[in-house]
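Beneath this line is the structure, given in structure tokens, with notes to follow.
Going in written order, the chains are labelled A, B and C, and every chain counts its residues from 1.
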């Protein structure tokens, strides 16, 4: 177990964390402003991955594929908001959970009808392949490094928008007092659709970035969504900062756990037991972490509401 | 009250008459189908206690279905086939896990609770996948059905059917007594108006936790029966799809009513059967149907017949 | 019976309670008045336990309850009614009050016996409903009761817990003239057996019922005295009564 390996896994954790952040930011924005629990957020992630992969194949150009995928997800998101979600803003969380659950079934099956259930292959352009050199002779995949960079840039952009622009002010004001913002002449319906669209775009971005690394198949959204829930519970709902911190923590803990828990256990207990317990414990790690955080800080680390 | 009893009586009679009818018509498959529905109705009844009456939106109730099933499977794996032990372990394990999860989750407010229960169940799902000795992702075959020596042979499909029916009716009755007892009233009051409950001296937490544990244990029984029914136990039983489906069984039928979960389970699973017959992509139809049912159909099926309990 | 010292509560920059001292002797009816926004409900919430004060102490019957959560205070005999009606709308009036009776009757971990037909609960509940004048309506769903009846139900639920101290937060809020008179009548009869803290805007009621009146303005008690003295207090007139009592 070399330091280079640990460092590489740390970077992987950061990369996964960044993707979790994109998802969590979208989800927490929508919940914070519109008080909407949206389980279909994972479906938008999946839509992003599929649309980008399909567009790249169709146009032959990676960047064009990415742009189309993002735009497509944005459109799908806003369409869903206008048709299905508007009626849910007034309803309680249970109804929102159930309705968006129905949306998940719909999207998963729709994707399966169009593209089948087998994992889809996402190709990378030559300039994103290969490795870059890091210190001490270790290397890291270019693509994953790009994901980290893009993710952090988006985080900075989000922070800027929410804290420094008029839109961000409206967003934060909408979060605390809907009717007041409406009374000020701001078109609440439009604001909601825009916010939801942004959330959808963030999910779509995470999805298309995930394509080349993880399997692109129906149901991929839900697997990451549940981890996004863990991020939000740990970070505190309604807080972008909490989403970032929570996402990095979850990403790093999960990745390091999967990589090192089994060998680590192997030094303490007989290898056959570690063989079974290692992966089992590693997959449970972030949930146990969530339980610990809950016991100590029931509202999350950076709770806003 | 009389009307309800009469309707229940009719329903029970119909269900009792189903196996001989099905055999007479040469369609034993329906006994199988009805049995599966009855077992899942038991799970829905347990969820109704905490969701319908308690107001706890638990998105992880399928965990106990899985625990009950794995209890039977794992005991059978090690050669223990005694049905009473199966039941005891299924109930005990479910209650313990429910206590652990509930203790941490119930203090959390609405939206957190939903996410947390989902997350913990997913954790158990991953645990199930990673335990290769019990089949891991592929699951395990049940070595032998639970044996209740001398009492009933679960290998007889019709006898098993009547066991499922009996347990379901028993749980309906038990739920009825629980929700109208002092405990049930305290639980329902906490759902109706938590601030008011605190003001008169009811802390919601202990009652909710107790209800959560009871519901988990009841669902464990359903899980044990389910393992016997399918003969195969996979972690997929605990997948969040299953939890979502269970919630729909409760909601569709009408929350906070004793008939609701039974009606809802029958309705949902029969609709699924019909849709499955049409196309392998039945979920693309079911999804929007579910969305529409939430948007338009607030009171559920039982709300058509009865005024819901508070 | 109730001793509050230096109670402070701030919401950001707003000082809702600014060092409040408040004493209620056993058997007395102590009113609390003040303009809207003075912090009366915040004060009641801190007494009842739904809000934690930033500083200060609350002693009830000699015991420090400052850190005690609301359900525990209720069990010690501190009952409250809410300014905005807060009953169980899906349950009947009888069931509402029976729940309050149940709350004071030990733990509720009984799973079998039907609580709706338990005379140990329904008996005392009926009595309380008679006292507040709702016995004709006891099988009506609380959500379907008229506003004035709901306010009476609020008081009934507080009474049903057999409290040592009643905190009544604007029991007559939104009531018409007739209903108000009935409520005043009820409260007069309660005066003899209960210690009451009464927050009210209805000056008629306040002056008829109160033994002592405290005036709260911007989170501070500017005067605390007998009704006659309060009527003549210059500061009070300026701050509050002058606005039309």
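By definition in this document, contacts are C-beta pairs under 8 Å (C-beta built on N, C-alpha and C of every residue); 3 or more make two chains touch, one makes a residue touch a chain.
Everything numeric here is computed off the predicted structure, so don't read it as measured data.
The chain with its Cα centre farthest from the Cα centre of chain B is C. With centres computed from CA atoms alone, B is the chain lying nearest the middle of all the protein shown. For this pair, chain A with chain B, the centres built from the Cα atoms lie 31 Å apart. Chain centres here are Cα means. That of chain B falls 43 Å from that of chain C. Distance between chain centres (mean CA atoms), chain A to chain C: 49 Å. Residues 31, 37, 84, 87-88, 91, 93-95, 97-99, 101-110, 112-113, 222, 226, 229-230, 232-233, 237, 276, 279-280, 282-284, 287-288, 290-291, 294-295, 298-300 of chain A touch chain B in their complex. Those residues of chain B that touch chain A in the shared complex are 51, 57, 59, 104-105, 107-108, 110-112, 114-116, 118-120, 122-123, 126-127, 129-133, 240, 244, 247-248, 251, 281-284, 286-291, 293-295. If you check the complex, the residues on chain C that touch chain B are 48-50, 69-72, 74-75, 79-80, 82, 86-91, 95, 98-100, 102-104, 108-116, 118, 121, 157-158, 160-161. Listing the residues of chain B that touch chain C in their complex gives 177-178, 180-186, 189, 192-193, 195-203, 206-207, 210, 309-310.
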